[in-house]
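Shared between the two complexes below is subunit A, which has subunit B as its partner in the first and subunit C in the second.
Moving on to the complex of A and B:
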């Protein structure tokens, strides 16, 4: 072992995952932060530059201009000075409530969610009770109960915090319950970490974006509620806030006297501050759920499709993919499928093997034009050669033609499709739905008969038609999905890892079913998987894909016996033989002799 | 050398069926011994109870019956509070078992400190780099990275280093390669084997893959419905299976050398045989599994 003196590499200092927690820059975030910064600065520094807000002058209700940029109130106080002090007061209460409510919700939500059991039951019962108590009336009652002279901003803040934390606690609890079952929490427990440390170091950082969003929400809630309370005359007695300003404007009949400069500025500050916080919250939500992000799209270049749809060379061919390229148009475009050409013959099982990220699923989506932006077909053609002699240029189909084409000529079974069945609708309704959409003229009895027929084809008892998906086992659900793909008698089926999530015995049963159906019905299958041994046993021909390209293509027997590409050999070597010689799989503890990259 | 003996382990989970609460027996009377330098493979399909056994050994679940005894090298029983110094676990999914918020350094430094293997920053730092080198990672390159900046294989190596950090002598590997790309699986398994040889680790290898169980373990236990239905030396169990369930598993695994073959085991036969008796290849006898507790 090399001696690693401390001088060679210094230990890191205070590095944490903050960077990944920061929101991505976007116009929304910029505007939001800008609004907040301007208002916060105004509240913070404004009072230093404006005069005394309570000085009474003999200038009641002067319109804006001259010495008083925002005019004066009924008693001649300067509105700008009042606005500056009130903004400071409102921000003060907003921050106090934000901190208090977030602490309370974190305590009840996170601790309860993590500890579980009786503590969780008690905590969530308590937060549920707090949640159903109508907030504002309680605030009014509590505020009215405290004598007006003792009602400082702290009292109001505590009252608002107590009535405002429960909803956040529920959200945090739900998220904690999900984080608690993560493997890294289990791993920390196995490492021997104490529960409080697991919460603070493993769980809490991953809740930060959520906590931030809940904090921002509490601040908005507090400023609005405080304004409401003050407007009703129940606010803090010792400080002026935007709400008290509105209260005095209301009492001074500002509206009736058309003194808009008295009530519009505080209203506007509240609205703009709330707006700024909400915009920031959008950006925080994008960290929690990256799916909300706007995908920056590059201007859509018209795909250059040099190759015309392939002409039928041979009656035997059902699908021709010619020099197909798919690019993910992101900041640095990713060429996921590069010039891939494939032909699929009638009644053939073509296996497409490759590891994660090689582009095999992208290819499957593109052939059926199910790809979504940012993925884009940048070249090549997909031609379907119909049984009745017509050639269909799939990439040129108009939307309604494409809809008719999918499922009836070419159907797809996706990875995990069995979990895509709607859990609250019976198998029969889901199967019939396909027929109602694609075969509108079909009679009810004929539909029913067809559904029973396809279920029988895949080896599921037709009596199961009335079942809900959750009443069926995983293997049975996958059979139902295959039955669904068979409903319209397609000539091509694309199967993307159809058995990966299933146990070997169930997988074996389904594979046999696919082979039997292929023999009986004669459809062609494009079978996509990472499991090369499975393809070697199942497929007629095999294409091996790596980094978006097909590196080897040939009959299964040939790929198995004489693989030509080093990558194919490497893949083959990666699967130990169950019954054969040990080969490279001697448990020597040394890296395997052929190829150190493994 | 540390030895772990699991005796007649039972685990019941309460389940609600309508309004009634019933007990579901996930693990039923399972016994085995993990000794230094040897690997025991637990083979079975999902729901067979193999992961529950792993979690009981790692003390993430409490057994409903039976016990787990850990014997220190000097022959004395290891007290509970030192259990985790000796027994550690490698989880199935390296994408889930490393905290996305923390760096690789954090993942290794914490167990080192917790188990008193390193004191002070410099010492901890040296140990972290040493651990990364033990699992054949470019230590200085990866130590500051966060999990999402590593490939699946690299993450699993970090997870293995974390399991070794407390100085564990018993390692539970729960499907350590099933989430990895096929071309890097062998490398990770060989790494485990090398560490096992160098440190005399006792390994419990949990898998659904008969082929790697055969090549990377000494003994195989086949689990069916929470019970052991066949046990013995790896080659004996896999090449000469006796229980219909083991035969079915072996027949169902993809085998490129046998294109177009039929499945010669009828799943109904497995149902009939059930899990009432277990075949032990070392004694060469069928043994009745009595229900414990």
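Moving on to the complex of A and C:
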């Protein structure tokens, strides 16, 4: 069976993350907790204040009001009293099953996932079989074989737990498998700690949010299933639950007699309780997967359209970035790009260097307006000076114009280009997509010819067009991505760490390819990397970025020989000295460890 | 190929597990169901011939001297031949006949409703996830209310409002009883009319789960590089959403189909009961009320086989939409 998917897989988290495991306060969480608290209190304390639920009175089906706030049943029993006792019964079963099912799923999921090998195979097969065998029909059959007088709430709870744990076990197993490979767990294992200790101390705390969420699911499942069983007359004989109430309502023809006060409240309590738990689960999900958090909606600040788009100073310039500022509008706004100005000349490679988090990627995205909320451009301008003499104010483009501008004038090769290809459609489909959209008049044959042409340009066999991304090696994927960027013959190509994930030999081949293509086709490249020595070989000019600002900007030679800013000097010093001449892809000895400037 | 072989192998194991469970459950439970059945059979004027008794004993277990393993083999043999015994409540019809009469109703109702709910949930979820940060986010908590509502209670409410209250739909049944079942427009129209409310119940109750799952995956997928690349490529928004984001986000929903299907089947059984729908769920409950153990067991097996079959189909479909499964394990 396949995994439940990345929705349930947490991002890496260290062991010191207790605070991050507490749900963030949100209206959803508040409402959820409120609903649960009110209903739990009603079930807990309610039975103490209401009368006897089974007392029969001579006022069957009295509508709500007066002595009976929620009316009476067919036999004159007080609905409110019944509701209080039934709520208690349902909660009792829900908690019981929740605990049992969570224990079972933890046993099969966590232990199996942690121990691995045959045990894991067996546990996993068992969970999957239990998962595909439909639960409720099985519960019905089992309940039917147990005589009514022996059907206690424990029996029902055990049967529900046995049929309801499998889905959770699968989720927990997937997460345990990923935790098992984390450094701190591996360290504990190597240190010879006993398996149960590693599970209890290293693994379990990180699974807590997931366990909590699975527990909540089990409780909802149990309350709903028990209600269903009781509604069918197959529930526990010695307890009264919301399902039993509905069973009597149905058999007392509450519906036909329009005694809504009899059958509406029990269902409503179930629905509201389930809803409360689900809302709490939202908050737990957001701990497990922070990407799901609500994006606060705030009025978008109008960007200061100042300075005006730069006029063409000379025909040699293809892109002007003028005093661009990008701010992440979070609780304490982060000024990621501060008043950055850059010019890119036709056919040149401009290197942009800086550590991770210095804002270089944010800058690159903003140039093509690919930044996403909460990032916002707060000022500055980006101007594209077209070959045919037109100046394009990129930040002022309307959505449809922007769409047409992208890729045909300026294409992007993204960081970690390994993931830049859609895993489920072929290379051909991803290349042709571009032509279908931007060149609607192009014939099928012409599209195919163009796709084959660009692949040949980057040195990939055109027969690879029919391949899926996972069938290509890392280097080949990167070449395909570059081929894709060439499709429309753009004048500017932004490359964001295009070779970081590749090994040195492949990296060198690709860099040589980029240089060659630039010489043949003549596009300009904005090349972003943390690897300054690499830029010294590759780039015509270099800009160094620190904390959102350009601190150094000049010809590569000059930056190398006489860096003006101390930060540039530090960056340069953190690498072994270079003896290779600029432009030649020869470095002294081993490649520079890239860790230095990260 | 390995993928397919593994899937078929898995579902064979699951089928065997279900058959075995079906064999042992009655034997582990207290009481002597065979005697109950034989007494009922005698009441109804059935001839208590040894063959019938033997079939029940194989199905339900009895204090015979025959070793358990021999019983188990004979039981598997009976199952392989499709011999599920004789129904007591519908005597003298064999269980297989009773099931064959009611199964099509459920297959059509639950099948169509599930398909509809899946499509609706996935499409809406993709949209809500894509337009994140807009008013559509408000839909997400609303769906949880729907998911937390018990199927049968929702059915009751719908009946109260739309059938008894407004009289738009019939209260119960699968078709107008004055019509003869058959392939004619009148009958099919009547069946569709009667099936609307049960189907609506199933769709409303299950759509929230699909929607939420799809929405969450969509949110994760939109952060992927290939979606950003697709945007940078200047593709139309709808194309990026469908071919790049949703196409990938739907995979876990399909992979998790098995879990959701279990809930839908469970809900449908109870929904059928509320509507007295002539499907297999109502038959199961009738069997329970009449202690018709043979019919009960048979229906459990048929539901299981149907669910396994549906999951197998979905797994095979998954291989079609995710090329990565075909390559590796």
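Just so we're on the same page, the second predicted complex is superposed on the first by the 550 of 598 C-alpha atoms of A that agree within 3 Å, B and C clash if a C-alpha of one lies under 4 Å from a C-alpha of the other, contacts with A are read in each partner's own complex, and residues count from 1 in each chain.
The definition used in the following text is that a contact is a pair of C-beta atoms (placed from the backbone, for glycine too) under 8 Å apart; a residue touches a chain by one contact, two chains touch by 3 or more.
All of these numbers come straight from a predicted model, not from anything done at the bench.
Of the two partner chains placed by the overlay, only subunit B lies in contact with A:508; subunit C stays clear of it. Once the two complexes are overlaid on the shared chain, A:277 sits against subunit C while remaining clear of subunit B.
Within the superposed three-chain model, A:217 lies out of touch with both subunit B and subunit C [touch as defined at top]. Look at A:262: by the touch rule set out above, it reaches neither subunit B nor subunit C.
In the superposition on chain A, contact is made by A:182 with subunit B only, not with subunit C. Once the two complexes are overlaid on the shared chain, A:414 sits against subunit C while remaining clear of subunit B. Comparing subunit C and subunit B on the residues of subunit A they touch gives the larger count to C.
Look at A:228: by the touch rule set out above, it reaches subunit C but stays clear of subunit B. Judged by the touch definition given at the top, the superposed model places A:536 against subunit B, while subunit C stays out of reach.
Judged by the touch definition given at the top, the superposed model places A:114 against neither subunit B nor subunit C.
Subunit A uses residues 1-2, 4, 6 to touch subunit B in one structure and subunit C in the other. Of all residues in subunit B, those touching subunit A in their complex are 45-46, 55, 58-60, 84, 88-89, 91-93, 96-103, 105, 110-111, 114-115, 121-122, 124-126, 129-130, 133, 140, 143-144, 146, 148, 159, 162, 165-166, 181-187, 190, 193-198, 208, 210-212, 214-216, 238-239, 248-260, 263, 267.
Of all the residues in subunit A, the ones that touch subunit B in their complex are 1-2, 4, 6, 9, 11-12, 15-17, 20-21, 182-184, 186-193, 201-202, 205-206, 355-356, 503-505, 507-509, 512, 530-534, 536-537, 556-557, 560, 570-571, 573-580, 582, 584-592, 598.
Residue ranges on subunit A touching subunit C, taken from their complex, read 1-7, 28, 125, 128-129, 131-138, 140-147, 150, 167, 220, 224-225, 227-228, 231-234, 243, 246, 250, 255-256, 258, 260, 263-264, 266-267, 270-275, 277-279, 282, 285, 289, 291-292, 294-295, 297, 368, 370, 373, 402-408, 411-412, 414-417, 419-425, 433-434, 437-438, 468, 470-471, 481, 484.
For subunit C in complex with subunit A, the touching residues are 10-11, 13-14, 17-18, 21-22, 25-26, 29-31, 33, 132-134, 137, 140-141, 144-145, 147-154, 156-157, 159-160, 164, 213, 216-217, 219-220, 223-226, 228-237, 239, 243-244, 247-248, 251-252, 255-256, 258-259, 261-262, 265-267, 269-270, 273-274, 284-285, 287-289, 291, 293, 296-297, 299-300, 303-304, 307-308, 311, 315, 318, 321-325, 327.
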